[in-house]
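Please read through the structure below; I'll follow up with questions.
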Amino acid sequence: MQPYDMPLEKLEQYKPTLNAQPDLRAFWDATLSEMRDEPWDEQLEAIEYPVRGVAVHRLQFRGFRGATIQAWYARPLMDPEPLPGLVLYHGYNWNYEGNLQEVVNWALRGYAVVGMSARGQQASGQSMPSPHGHVAGWMTQGILDPDVYYYRGVYSDAVRTLEWLSRRPQVDPNRIGVTGGSQGGGLALAAAALSDIPRVAAVDYPYLCHFRRAVDVAPAGPYGEITEFLRQNGDPAAEAQAFRTLSYFDVMNLAPWIQAPALISAGLVDQLTPPSTIFAAYNHIGSEEKAIRVFRYFGHEFIPRFQYEKLGWLKRVLQDGRDIE
Amino acid sequence: MQPYDMPLEKLEQYKPTLNAQPDLRAFWDATLSEMRDEPWDEQLEAIEYPVRGVAVHRLQFRGFRGATIQAWYARPLMDPEPLPGLVLYHGYNWNYEGNLQEVVNWALRGYAVVGMSARGQQASGQSMPSPHGHVAGWMTQGILDPDVYYYRGVYSDAVRTLEWLSRRPQVDPNRIGVTGGSQGGGLALAAAALSDIPRVAAVDYPYLCHFRRAVDVAPAGPYGEITEFLRQNGDPAAEAQAFRTLSYFDVMNLAPWIQAPALISAGLVDQLTPPSTIFAAYNHIGSEEKAIRVFRYFGHEFIPRFQYEKLGWLKRVLQDGRDIE
Amino acid sequence: MQPYDMPLEKLEQYKPTLNAQPDLRAFWDATLSEMRDEPWDEQLEAIEYPVRGVAVHRLQFRGFRGATIQAWYARPLMDPEPLPGLVLYHGYNWNYEGNLQEVVNWALRGYAVVGMSARGQQASGQSMPSPHGHVAGWMTQGILDPDVYYYRGVYSDAVRTLEWLSRRPQVDPNRIGVTGGSQGGGLALAAAALSDIPRVAAVDYPYLCHFRRAVDVAPAGPYGEITEFLRQNGDPAAEAQAFRTLSYFDVMNLAPWIQAPALISAGLVDQLTPPSTIFAAYNHIGSEEKAIRVFRYFGHEFIPRFQYEKLGWLKRVLQDGRDIE
Amino acid sequence: MQPYDMPLEKLEQYKPTLNAQPDLRAFWDATLSEMRDEPWDEQLEAIEYPVRGVAVHRLQFRGFRGATIQAWYARPLMDPEPLPGLVLYHGYNWNYEGNLQEVVNWALRGYAVVGMSARGQQASGQSMPSPHGHVAGWMTQGILDPDVYYYRGVYSDAVRTLEWLSRRPQVDPNRIGVTGGSQGGGLALAAAALSDIPRVAAVDYPYLCHFRRAVDVAPAGPYGEITEFLRQNGDPAAEAQAFRTLSYFDVMNLAPWIQAPALISAGLVDQLTPPSTIFAAYNHIGSEEKAIRVFRYFGHEFIPRFQYEKLGWLKRVLQDGRDIE
Amino acid sequence: MQPYDMPLEKLEQYKPTLNAQPDLRAFWDATLSEMRDEPWDEQLEAIEYPVRGVAVHRLQFRGFRGATIQAWYARPLMDPEPLPGLVLYHGYNWNYEGNLQEVVNWALRGYAVVGMSARGQQASGQSMPSPHGHVAGWMTQGILDPDVYYYRGVYSDAVRTLEWLSRRPQVDPNRIGVTGGSQGGGLALAAAALSDIPRVAAVDYPYLCHFRRAVDVAPAGPYGEITEFLRQNGDPAAEAQAFRTLSYFDVMNLAPWIQAPALISAGLVDQLTPPSTIFAAYNHIGSEEKAIRVFRYFGHEFIPRFQYEKLGWLKRVLQDGRDIE
Amino acid sequence: MQPYDMPLEKLEQYKPTLNAQPDLRAFWDATLSEMRDEPWDEQLEAIEYPVRGVAVHRLQFRGFRGATIQAWYARPLMDPEPLPGLVLYHGYNWNYEGNLQEVVNWALRGYAVVGMSARGQQASGQSMPSPHGHVAGWMTQGILDPDVYYYRGVYSDAVRTLEWLSRRPQVDPNRIGVTGGSQGGGLALAAAALSDIPRVAAVDYPYLCHFRRAVDVAPAGPYGEITEFLRQNGDPAAEAQAFRTLSYFDVMNLAPWIQAPALISAGLVDQLTPPSTIFAAYNHIGSEEKAIRVFRYFGHEFIPRFQYEKLGWLKRVLQDGRDIE
C-alpha cells in the first residue's frame, strides 16, 4: 500500500516554521535548574539475571518534583573501563517488566546502560497529577499548562538519568549516547537537545514531533488522546491552550538545539508517528552530522536493517572512536 | 446472537461467595472518617444555560485527600421546595462537558440534582497519584494497595457529594436518590452501601462488580486494563495483591450493606459489564425491595424501556411518595 | 485523524450548481395539495408517563396517500399558553420506541412537541410500496420515479405534522420550530423549505443533501443503499433515472426556499453525512439569518457543545422572543 | 476453526418439538386459495441473450394480493419436449440482475427453468406494505400478524410460479423440481411442502428454519433483523406475537408435509444459517428419500462438491428417470 | 464510496512508459522454444459428470521444465464439429476442485474448453522451486531471477494449453479464444501476447499488470506478497532485481504484442487489481479492436452486466462469425 | 478475556492417545539416514557485524535431498573454548533478514549459535516441490504423502544443523541446546526427539503439535492453511490421507522420544498455537525433567517473564553445569 502521508520528495523538503513560544529556552533552563535542586535519594540494588558476564541492578532515584524514577542499570564485566555509556528510553505505554532483557542486551554489547522508566507508565510513580481532567493515558495530563504538563517531568527525568550515568566511576562521561524508539526516540532527541552529555543519538521513528500535524494525520496511536481531549473539551480556548503547551515539548521546536550526531529512521507507512512529523523534526536538527533512513515498506515496527545502522553509529562514536571528539 | 455469558436461569441463581477481607468495614469507616475531616472549600457559581425554569451552577469542593471535585448542580425553579434530590454519576472515561445536558434534564423532571465528575476523568483533578506504574486509564492506579487505590478517592467523593446535597436548604434530605449507568451505576450502588442518605438507587448495568470473573469473561471494555496490568507485571504476587485491593472496592462485597430500594438493568449481550457480574452483585444486595430487569437483546447501550422504569421508581420514592418512608 | 472530505476553506466556499428539474416547484405544489386533500382521521390518546408536569399523548393521523402516521405529542402543564411548538424528526432507521424520552424532554423545556415517526421506519406504516425491487432499507423504494419515491411521502408527512401542530388550541402557530439530526435534520430543513410554518430550524448534520456527491464520498451509512441499488441495476439509464428522482428530494435543491433562521452542525470527520454534502446545502439556504457550526474532531454523533447552541436558538426565537417576528 | 453451533453427533439427532399453531394447515389452505383466485395477467417477452441454443424470456404475472411478480424463463432449444422443469429461488437481498446468467445455465443443462424474484427484493414490487414499522429489510414487514407477513406473499408466489411452469406446453408437469440456496433453499422447501408439483427439492443451506433458535445462535446475517426489531419494540407481548407469526412460516413446521425426495447441504461453520437450524428442519422432513450433506470446513458459500450432488439428484429424478415416479 | 485510485478521466489517458528490458522478446522466444521441446506425456481420461450433452475429461500433460500440468477438458456433444475452442484460466489461489463446474458451463455454451490449473496452485505441481526464500504464496518464488521466476512456468503453460487445444481433431484451430478473471485475466492477456492462436481475449479485471504501481496502490490482495518480500529483504539491490524480474512478466509490457480483439472489465473500487494498473496495460494493447468496460460501483467481484458482454464478444468472434477472420 | 480453549485443570491432564503409524520410527530412521548420505558442500563466510566481541558468519550447506540450507553462525570471542552450543529455529513465515540480530544476541550471551532458516521460508531454497497443488504457504506442500511432505525436509535439516554444530572444533558437543518459538519451538522439540545431541530444549509455545485438534480449535494462524486445503479438496479420502501424513510430523507423536530436559511456555489466550495442542505434546514428552509455564493473560507474543526462565535453563544446563550430564 502506498505511503499515505506525503511523497518522499516532499518529505525531504518538509521543514515547517517552528511554533515555539519566545520563552522556550527560559522555560527549559528553569525546569532543569529545578530538577537539579532535587536531592538524589539514589538506590542501586544488584539483582540476579541469568546471563554470564553482566552486572545488573535495579536503580531508583528522585526525579523532577520528587517523583520516584525507576530504572535498570547493567554493565559488562569483561570489558575494560571506563565504559561507554548509553541511556535507553522506552515506547509509550510499552514497558513490560521494564524491558530488562533489552537493557541487558545492550550491556552485552559493551555499554554501561540505563533503561529509564517513564513516570507513571508501568514502573515509576507520576508525581505531577493533572490539575484538570484528562483522557485515559498520559498525553493530556496537565495539557492546559506547560508548568505541570506530564512531559515536563519525563523530559527532565530523561536528562537526569543522563547526568546520573555520567557520574558513574566505571563510565566515561565523554562517551555516552541515547537511543530508543517511538516515545523513546522522542525522549532521546529531547535529551540530546536539553543536555550536552549525549555524544550521539540513534533513534527509531521518534514520537512527540510536530503535534499540530500529527493530530491531523495520524490514523492511529496515542496522538489520538489529544484528539479525544479536544472532543471532550469543546472550548476553542482550551484547544489553543493545549497546543500552546505542546509547543514547549515539541521535539521539532527543540531540534535546533541538538548538536550531537543524530541517526533517525522513518517508515513511510507508519501510522502512529507519520513520516511527515518525523521529517519536520529531522529537518530542524542542528547537528553537523545527521542522517535519516527511510523505509518504504515499513510502519511502526521492528526494522531489521536499521538495527545494523543503529548499532554501527553507536559503536563508531562510543566504542571505536575517541577520534570523533 | 445468543447470550455469551450464562443462561438466564443460571444468572438468576448466581451468588458467588463474597471475597471481602475481614477489615472491609473498618477500612471504609476509616476512609469516610478521613474524608469527613477534609474542609469543604466549596465554590458554587451560577451559569447561563439556555433552558427556562432551571437554575444551573458550577460546583466545586474538596474531596478525599484534597482533590478538587467538580460537579454541576441544577434545580427546578417552578416546583415547591423542599425538593427531592438526586446524585448522578457518569460512565467511565465518558464525561463530555460534564454531561451537563443530562443534569439539566433531571432538574427539569423536578429534582435538585448534582452530577459529580469522577476525579481525573475529564473534569476533576486526581489527588492520589499512583505510587507505582499503571496502564493507561484509571483502573490500575494504585492497584497494589487499597489505601491509595484510585477508587478509594472516587467512592469517598461519591458519598461526599451526597452529603453536600443533603445539606442544601432547598433539598429534603429524606428524599435523595442515586442514579447512573456503567461506572455511574457502580458508584451509585457503592454510595448506597456506604451512606444511608440514598432512599433509592436506580442504575443501568453497573460496572465495578465481581472483578475476578469480570477479568475472565468481559470481551471488551475497561476491565481489560486490569488484564493489561497483569500482563505487564508478571509476578504472581502482584496478581494476588491486585485482586486483594480490588476486593475492597468490589460492589459485590459492598452489596449486603445496601438497604434502600434498588432497581438495576442488565443486558444479556453486554460485553463491557457482563450480566453474570451484575447478577453476582445484585443477588447480594441487602435491600428488602429490589428488582433487576433483564434485556435479552441489549448490550451496553441506551435501553429505552428501562428508562421508564427508572423514572418511575425515582418518581415513586422521591416525588410521589413520602408514604414509603 | 484528519478531515477526509475537503479542507475547511474549501467547504466554506463549496456551492455546487443546483441540479433541480424545471418542474421542481410544480412537483411539490401538487404533492402538498394532494396531501392536504387527505382526511385527518386523527386519534389522540393520553398515556401515562412517569414524569410530573407533562401531558403525553400517542398521536395518529392519515399521511400522504393514506399512510397511518404515528407520533408522540407532549406538552408542559406548568407553562402559560399559548405554548411555543416544536416538531422533532428522527434519524434514519433509528427510532427506538419512538424516541419518546426525547420528546418528553423537549416538553419539559417548555415546548408543545410532536415527534413524528417516518413511515415504515419503526412506528408507522408505509403506504407507498415500491413498484420495483429495491435494496434493504427505504432509500431506494420507488427511486425510479419521483411520484412514488419513498421520501415523497415522508416529506409530505413532515409538513402535515407541522400543520397539525399549528392548529392545536394550546399552541401559538407563529412560534413553531423544527429540529432533528441526520435524517431528522434533513426532514427539518425540507419542512422549512416546503412550509412557511417553521420560524426556526436547528438541526444536526442533515442527511439527504447533495446525493450525487454523497454517493461518491460517504464511506459508511445509508447513502450506501443507493450504491447497492446501482450495483444491482447495472443499466446506465436506471442510474440516470435514479439520480433524476433524487433531485426532487435533494435538500440542496430545496434549500433556496428556506426563509426561517437556520442553525446547522457539521462534523469534519462525519462519514455518514460528509461535511461537503452539508455545506453544499447550507450554502444554498435562502434565509437571512443562518449559521453553521463546524466541529473538527466530531463525526456522526452527539456533539455536546452544539446542543447549547441549538437550545439557545430555539429558546431565543420561540420562547424569549416575539420580537423576532 | 471448530464448528461453533453443535457437534455433528448432536446435530444428527436434533429434532426439536414443532411449534406450529393448530390452524397452520387452514392458514395455508386459505392463503393458497386466495392466491389462486388472482387473475394471471401474464406477460412473456423474448429477450436477446448471447448464448446459442436457449430461448430466454422476461416473465411477469400477478402474485398474491396483486403483486407484480417478475421472473426469467429460459428453455433449451435442442432438447426433445416435453422438457423437465425447474424453479430457481434466489438468496435474500441477493438478486443481481435477476441472476439471469444462472437461469440460463440451468436451461443449458436441459431444463425449462423459471428464476422467480422475491417481491420487493430487487426485481418485483411488494404489494403488502407492513401496517407497522419495521427494520431495514424484509424480515420484519408485517411480523406482528401472519395475515400480512411478508413471506405470506413470497411463499404463495413460490407456489404460483410452480403452477405457471407446470402449465407450459413444452414442460412435463410430472418432472418439475425446485432448487435454490439460503432464502432460495428455504423457499424451495416451503414450495415442496405447500405444493405437490415438485418431484424433487435440492437445496443449499436453507434459510427460514427454526426461527427461535436462529435468532439466538446466528452470529451474522438477516436473522439479525428480527433481533433488531425486538430491540426497537421492547414490549414482551410484541416479542411473543412476532414469534407466533414466524411459526406459520417456519420451514421446520412445514417440513413434515414435504413428500418429494429432498437433498440438503449444511456447512458446519455457516454463520448465517446455523447448521442446527437446518437439521431442525431436515429431521422433520416427511419424504421417504432424503439426504443431508455436511461440509465441515464450509460456511455460507459456494460448495463445489455439493454442486455435483445437486446436479446428480436433479438429473436422476427429472431427466434420466421416469422410473422414479 | 468514491473511487480511490484515479478519476476516470485520468484513467482513460493513463499510459505510463513501458519498462521492458531490451531482451524481452528474446527472453520469451527462448522460453517458448524451451517449452516446445518438452515431450507432451499427455493423459486424457473421461470422467462422469452429472450433466447431459457434454463429454468431460481430466487432462494432464508436461509443462515448462517438466511440471505436470493438470486441467479439465469438456466439449459439447450436440454441436456440429469442428467446435470453437476456449481456454479458461483461473484466479490466484482460487481453484476449488479445478472450477470444474465453470468449465462444464462453457462447454454447454458450445465451446471445446480447457480449464488449466496454474502450477502449484491447487491442482498441479510446481517444477521450478524457488532457489531463494520467498513469502507464503507464489508471487515471489524465484523473483530475483527471470529465468526461474514462477510465472515463467505459468505463462509458458498457458501458451502450451492453447497449443494442445488447437491440435484437437474436434476443434477449429482458427476459432479459439481465451478468458479468465484476475490472475486468469492476466494469463489470458499474456497468452494472447505470446501466442497467435487466440482470436479473441475477453477478461475480467486482469492481474499481473504494472507491478510497480500495483505495489504502491493496491490496498489488499496478492500484490502485497511482493511488498512483504521487500520487507523481509531490505537490500535495495534486491528490490531493484525483483522489479527487473517482474518487468519480463508485466502484462503492460507484453500488451503491445496483443493483436486479437480484446475486451476487458475494470471496477473503479477494485482494491486487488486497481483500475490504474488495468488501464496501464489496456492502453498499451496493440489490437485494432479493443474495449474496456468500467464499472463505477464494483470491485473485485462478479459483475453481472459484464458477463453478457463477455459472452457476446466470444460468441460473435468464435461462434457466429467466421466473417471476422 | 477468558481462556477459550480448555480450563487449566483440564489442560494439565490433557493427554490424548497418540495417532502415530506403526512405521513411525522406521520412517524417521530412513529419513535421517538419507539425510546423512548427502554431501555437506559447506560454505562458511565471515561477515561484518557492528558489535564487538563476536564473530559472525554466513553459513550454507546441503540439506535433505539437496536443498541449500542457509544459516547464521555466531560465536563469542572473549569466552573460553570449548563453547556451549545452541541451535535457534525461527517462527513460521517470520524470518526477517534471518533474525541475525537475535542470533548475535545469543552469541553475546556466550553460545556458539546457529540460526537455521527453514527451507523456502525467506532464506533457503526448497528442494522438494509439492507434486500436487497446495494452498499459499508451506503447510500443505506434499501433504498427501509423508515421503515428500514439506516438513520432512525441515525436520531433517533441523537435525543436520545440530550435527554441523556438534562438529565445530570450538564447540563442546556435549553442551548443545535447542530453542525457538512457535514453528521454531516445534522444530526444537522435533530435533530433540530425532537427535540425541540436544542436552536441553527451551521453547516458546511450540507449533506443529496435535494437528487434528489444532485444525478444529485454532481461530487464527497457519493451521488454517490445512483447513483451506481441505476446503479446496473436498474428497474425504484426501482428508484422511492428509491427516495420516501429518501424523508422522506431529510433535505429539515424537514427544515420547525426547529425553533431554525440556522447558515450554503456553499462553492461555494463544490463538495460533492453542494451549491444548501444546499440553497434548508436553504431556507425552519422555524427559525426566520437564516443565511447562502457563501464562494466563498472554497469547502468541513475547512473554518477558518466560525469557528469564529460558535463559536460566539454558545457562544452568549448558554454561554453569557440566554436573547435569
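A, B, C, D, E and F label the chains in the order they appear, each numbered from 1.
Quick note on the criterion: a contact is a pair of C-beta atoms (placed from the backbone, for glycine too) under 8 Å apart; a residue touches a chain by one contact, two chains touch by 3 or more.
Given the structure is predicted, the values throughout are model-derived calculations rather than measurements.
Chemist: Look at all chain centres (mean of CA atoms) and spot the one farthest from the centre of chain C.
Modeler: Between chain C and every other chain, the largest centroid distance is to F.
Chemist: How many Å are there between the centre of chain B and the centre of chain F, using C-alpha atoms for each centre?
Modeler: For chain B versus chain F, the centre distance works out to 52 Å.
Chemist: Which whole number of Å gives the spacing of the CA centres of chain A and chain D?
Modeler: 64
Chemist: Counting only Cα atoms for the centres, state how far chain E is from chain F in Å.
Modeler: 39
Chemist: What residues in chain C touch two or more of the other chains?
Modeler: Those would be 96-97, 231, 234, 304-305.
Chemist: Chains as vertices, touching pairs as edges: which of line, ring, star, complete or other describes this one?
Modeler: The chain contacts form none of line, ring, star or complete graph.
Chemist: Taking all chains into account, which pairs touch?
Modeler: Contacting pairs: A-B, A-C, A-E, A-F, B-C, B-D, B-F, C-D, C-E, D-E, D-F, E-F.
Chemist: Could you pull out which chain E residues touch chain C in their complex?
Modeler: Touch list, chain E to chain C: 1-3, 295-298, 303-305.
Chemist: What residues of chain C sit close enough to touch chain D in their complex?
Modeler: 68, 70, 93, 95-97, 117, 120-138, 231-234
Chemist: Note which residues of chain F are touching chain D in the complex, please.
Modeler: Touch list, chain F to chain D: 216-219, 224, 227, 230-231, 234-235.
Chemist: For the complex, give me every residue of chain E touching chain D.
Modeler: Chain E reaches chain D through residues 49-53, 78, 96-97, 100-101, 105, 108-110, 302, 304-305, 307-308, 311-312, 315-316, 319.
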